[in-house]
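Below, chain A partners chain B and then partners chain C, in two separate complexes.
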Partner chain A sequence: MKKNFTSPAGRAFLALVLVFIIGSIFNADGAFFKLGTHRDTLREMSVYGILACGMTMVIISGGIDLSVGSILALAAVCSAKMAIHWGYSGWLVLPACLIIGGLCGAVSGFLTARLQIQPFIATLAMMVLARGLSKYASGGMKVSTAIANPDGTYRYVNVPPFFQDIDHRILGGSFSVVTLIFIACVLLGWLLMSKHRVGRYLYAIGGNEESSRLSGVPVVGTKIFAYAMSGMFAAMAGICQAAQEQQGDPEAGVGYELIAIAMVVIGGTSLMGGRGGMGLTLLGVLTIGYLDKILSINAVPEAGRLVLTGIIIVIAVLTQRRRRT
Partner chain B sequence: MNMKLIKILAYPSLVLAVIALTVGCRKSEDTQKANSPASSPPSQKQFVIGMSQCNLGEPWRVQMNADIAAAAAKHPELKVIFKDAQNDTLQQRAQVEEFAGSKVDLIIISPKEAQPLTEPVAEAMDAGIPVIVLDRRLLGGKYTCFIGANNEKIGKAAGEWIVKALGGKGNVVELMGLQTSTPGQDRHKGFLEGIAGSNIKVIFQADMQWLEPRARDEMESALARYDNINLVYAHNDDGAHGAYLAAKAAGRDKQMKFVGIDALPQEGIAYVKQGILDATFQYPTGGAEAIDTALKILHGQAVPKEIVLGTRLFDAQNVAQGGEDLK
Partner chain C sequence: MTGICKDFGRTTVLKDVQLEVRSGEVHVLAGENGAGKSTLIKILAGIHADFQGSIHINGLEVRPKSPLDANHLGVAVIHQELSLIDSLSVADNIFLGRTPTRHGFVLDSVQQKLAAQWVQQLGLDIDTRRHVGEFTIAVRQLIEIAKALSQNAKIIVMDEPTSALNAPEVERLFALIQSLKARGCGIVYITHKMEEIARIADRITVLRDGKWIGMAPASDLPIPKLIQWMIGREVTEPAPERGCVEDQPQRVDVFGSAPLPRSGSGSAGLPVGPGGRQRLKVENFGVFPRGFSKKPAVENISFSVRSGEILGIAGLQGSGASELFHGLFGDFGSRTRGEIYLDETRVSLRSPQKAIEAGVALLTNDRKATGLVLSLSIVANATLAGLRELSPMGWRQPGRELTAAKEMASAMNLRAASMDMEVGFLSGGNQQKVAIAKWLQIRPRVLLLDEPTRGIDIGAKQEIYQRMREWAGQGIAILLITSEMPELLTLSDRILVMHRGRCTAEFSRQEAAPEKILAAAMGTAMTNRQN
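After this line comes the complex of A and B, so read on.
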């Protein structure tokens, strides 16, 4: 038992249990015990969680990806443009947006791995670039179901079935499709990191890049792959965001990269690279997601929420450090 | 702070695109001018107006520029040069100085901040160029005319409409704009004035920071906690739309009304037309009024020092007729 709580997963799990205990005490007149609250919480954390999946791969490789929020916005705008304005089917919109996100990520990866630009700078540049592209593609306006005619009036179209399917509930309304997509992303990330060769390469590169190069790991290709995956996850998150808003907002996702990084770190994945995993990230996502919900149902004012969230992050990171010594 | 940093960093990305666009537009504008001198009588004096917009990242400001362009297009003697300061105070200061240096006939400015832009505007006034200040105020009184809306009045109008719509009693969820911003504070204050004396109870309040996804999350919390909600008042239409989506997903959208503010044609007004919102209150851009005032100034007529814009109500009954003016 004791051994379980000293492992990284054990500690991350402990933090989640603690949050649940807090929720049970401050249950907002029983709102915390309703099934619907948990369904909503799982939906609300999903977009951040999908970003965190890609972020985990990049962080384990010893990098960081600041561009995910902007790529999310770009994918949101592009998917809304294609699905709402042009009426394309989901089978076309989904791969097209994933390719756009993947390409953005691959460019960051190329800048980092091949041209040796620090990940912080390379992805910062991509963050600015992708935000610009999303504003350019949308003309600075939200891409919504109100479409401007040339004479300045508007015509209205229905929300496309592709978006309705994503922002939908299954199992008698007890589970959101967005949450299902998030779980699929976690599974995909877990398979890549734990069962596939590329995962072993990423851990090796994050642990010691030079020695993995010397032992024949294809460092450049693997790193580009990690950033491209992060871009694709961000694009998936962007599609989910657009579907839930029923529009593509070029200003969406500002600051989301920091939430995603916090989720990864609270799970116990090391920012130094080489240590961590997708399961830990899932725990981190649940912890922050539930913390947010508990503060929300109790209608805690914004100032208090920020302070409490900050304190929790510090505590979580401090427990990690004790583990290392 | 980080958000701010990110925002600041995000704007330079627009520089290239905006430069390319403005250069492109300017060119076509110039050629148009060169081709059409015959259409306007040569005796009529041409006026050049410089317009400095603090940023074009907000749809509302894009709308303001569009309103100005549309109003100016009705007067062939006016030529408006648009500049976007990309949320950079110093850049906006440079733009004002540039306009003053190139001796435009009139400057319209929608300033980012009061303090640093007061001085350059005063200098332009000293150089004999009239200045119209739009939306946000400057310090002191060295400008020709201020045109702006009053968020507190709009909040009050919304509050009074809500009292009427609910018959004087009911449970209301308030989704507030960023409470460290003046519009957010004023729309809250005005609303409380509007519902004062009625039996309207605000049962749930949250700061959704003007963001639609946040509004949806907060509304889900309110729905989880309260079984009887009669109306949602959001400080912008995005927030009201997010709340509607949350209620719709819970199958409770028919049990309550949704009220927003801003009434942009492609957002709030569209939502009312689609039956998503029950009402939205316009936060006017003042673009058309600015051009009217500019014409008066340029023709030597007197204008008031301050013009406070009213609001327009758009609801299911009047949206087809283009809303209703509220005093």
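After this line comes the complex of A and C, so read on.
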């Protein structure tokens, strides 16, 4: 039993339990015990959580992806343009945006895996580039249901059903569809990392790239796959964001990559690569998501929330540190 | 230095070693790989501070506690891997750690002037403001010497300084050594090259297996005698007795069942191994790690290995033997020349993946850096090379992996509490068994083993020898690099000797003798004359 609390999963779980205990104590006159609070918390963390899924794959491979926030914006703009302005069906918008995100990720993957640019730099470049693309695609304006006519007036269109479906609640309003999408993303990520060959390859590359290469692991292809997946997850998050806001904001997602990284690290996935997992990331997402919610229902102002979150990240990482033997 | 002893854990690497250097002499420290030369130097340089024995410099007993401390005592070591910082200027490097300053600000012009003086004393005409990284290895070495002189070093240790130099650069270094002698510096010179010893040594100290063998003026120690000292026995007759082979009776048992009787091999110097069919043939093979325009690591090597044969490859550091293995394994991509035939079919192995598909396996010489993924479990490591085969649809089958890993573990006699244990927690010998087990999964046709027993205990060594004989019995062609002479002589059916990327000699099992191999590895054999 004692062993369980020294394992990364045990410690990440402990942190989450701690957050729940804090929530039960500072329950803001019972607000913490209301179903609606949990539904909203889960909905609010979903976009970040989806980003964290892709980030986990990249970090386990020993890399980092700074471009997810920008790819989110690009996908948000593209999906809004297609769904709202052009009236395309969701069956077209969804795969098209995923492909765009996947391509962006594949490019960063190619830059770092094949051309040997450091992941930090390669994805930093993609972060700037994708932001530029999203501004180009949107013309620098929010893509919303108000469409500018050539004569300067606006006409208004309805929110497309595709967005309505995503920003929907099911089970009598007790569960958001975006949360469902987040759970599906975690599941997909877990399947790939724990049940598929590619996951084993990613752990191996993150643990020792040279040994992996000399064991016949297709290092370049596997790394490109990880970054492409991260791009696709970011695009999915972008679609969710656009659906919730009912618009595609080219300025969306600024700084989201750092929140996603924090969630992955709090879960216990090592930034050095080779160790961690999708389950840990789920715990990390829940921890940060709930922490933020508890602080906000207790009316802690944003300034205080950010400071506290920063301190908690440091504490979490310190306790996660592996003891050298 | 007298009575120096040093042990790492339970293994003793130096036992009662002594070294005396006089001012104005070149004292060569000789010995095979692993004789303890570098450990002795590291003690002198303050890198290993815990040792027994005593060091006296100019009559005073000293105990260097750190490299900096050693510098203050007048000891400067010029390592094989130079310790200069490429991205700093020459002057910054020379005065690193003792930069001239006023009120904490660097006096750049003063430093520049002083550095230029030191550099000019060595007959080097370079701008000391340029970065060290812009210069060739030879110049960098001179900069390092300038640094040593500026620290007022009395004892300068040079560890294989010529390994990266061409002939004119070597001449320049030797001229410099003469002038250092004239200044009264004592020089400790480590080299594997006999001709250098013959040229510059005043006195020679020989170490073997961590023990002090003897010290003699160079004039009293001609090369053949020196080699005897290094290897450890007198050679009384040209035909070597094969004591170490007879020590291993299993050898005969294993190959007794092989198609060709051992007694029939080795006639007329023909490469006749056990087994029959030619497994691997390599023709005019060259490896160019830094591109075709640069100096190759391996040049024009041709050989063949039969199924069931163990071909030993001997060579000192920088011989290119490891690069040959990596080249055969596709690690250098297209930066190789020549032809490779596997079972008489020409193959192109441009990546490790292709090599593995073709049935070539490489055990690298550094299991932690290039062999294993220490953060993964035994199962994950053991199945990494064969994972494609174990998960045909992409989805992993943990049950199959565990079965396969268990099978390999029992074949290697691996001792571990659980197959899910991280490899990093295993002992060196068990780690090596996992590194080897990984290759059994792909059922290799050719096994390239680079120092398979490095850093493991004697029991594990014996087990690995046993396995190698079994694999050879199964028809696998084995290429073996080892720096341990008994291992090489005991296991190899034939021995190829490399020196500076070329093959300098080939010996059948009967012909092989330590002194001949060492002579060829140092490039003093007849065949080397053609270079």
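Following the convention adopted for this analysis, the second predicted complex is superposed on the first by the 321 of 325 C-alpha atoms of A that agree within 3 Å, B and C clash if a C-alpha of one lies under 4 Å from a C-alpha of the other, contacts with A are read in each partner's own complex, and residues count from 1 in each chain.
Methods note: contacts are C-beta pairs under 8 Å (C-beta built on N, C-alpha and C of every residue); 3 or more make two chains touch, one makes a residue touch a chain.
Not measured: the values here are computed from a predicted model.
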First (chain B), second (chain C), both or neither touched by A:E245: first
Touched partner set for A:S211, first chain B, second chain C, both or neither: second
Chain touching more of chain A, residue-wise (chain B, chain C): B
Touched partner set for A:R114, first chain B, second chain C, both or neither: neither
Touched partner set for A:R275, first chain B, second chain C, both or neither: second
Chain B versus chain C as contact partner of A:G36, first or second or both or neither: first
Chain A partner contacts - residues on chain C that touch it in the complex: 329, 331, 352-353, 355-357, 362, 364, 369-376, 380, 384-385, 387-388, 391, 394-396, 425, 438
Complex contacts: residues of chain A adjacent to chain B: 28-29, 31, 34, 36-37, 40, 44, 47, 69-70, 124, 127-129, 131-132, 135-136, 140-142, 144-146, 148, 152, 154, 156, 167, 169, 241, 244-246, 249, 251-252, 254-255, 258, 292-293, 296-297, 299, 301-302
Residue ranges of chain A in contact with chain C within the complex: 195-201, 203-204, 206-208, 210-218, 274-275, 325
Touching residues on chain B, where the partner in the complex is chain A: 2-3, 6-7, 9-10, 12-14, 16-17, 56-57, 59, 62, 70, 179, 204-207, 209, 212-213, 216-218, 220-221, 223-225, 241-242, 245, 249-250, 265-267, 270, 273-274
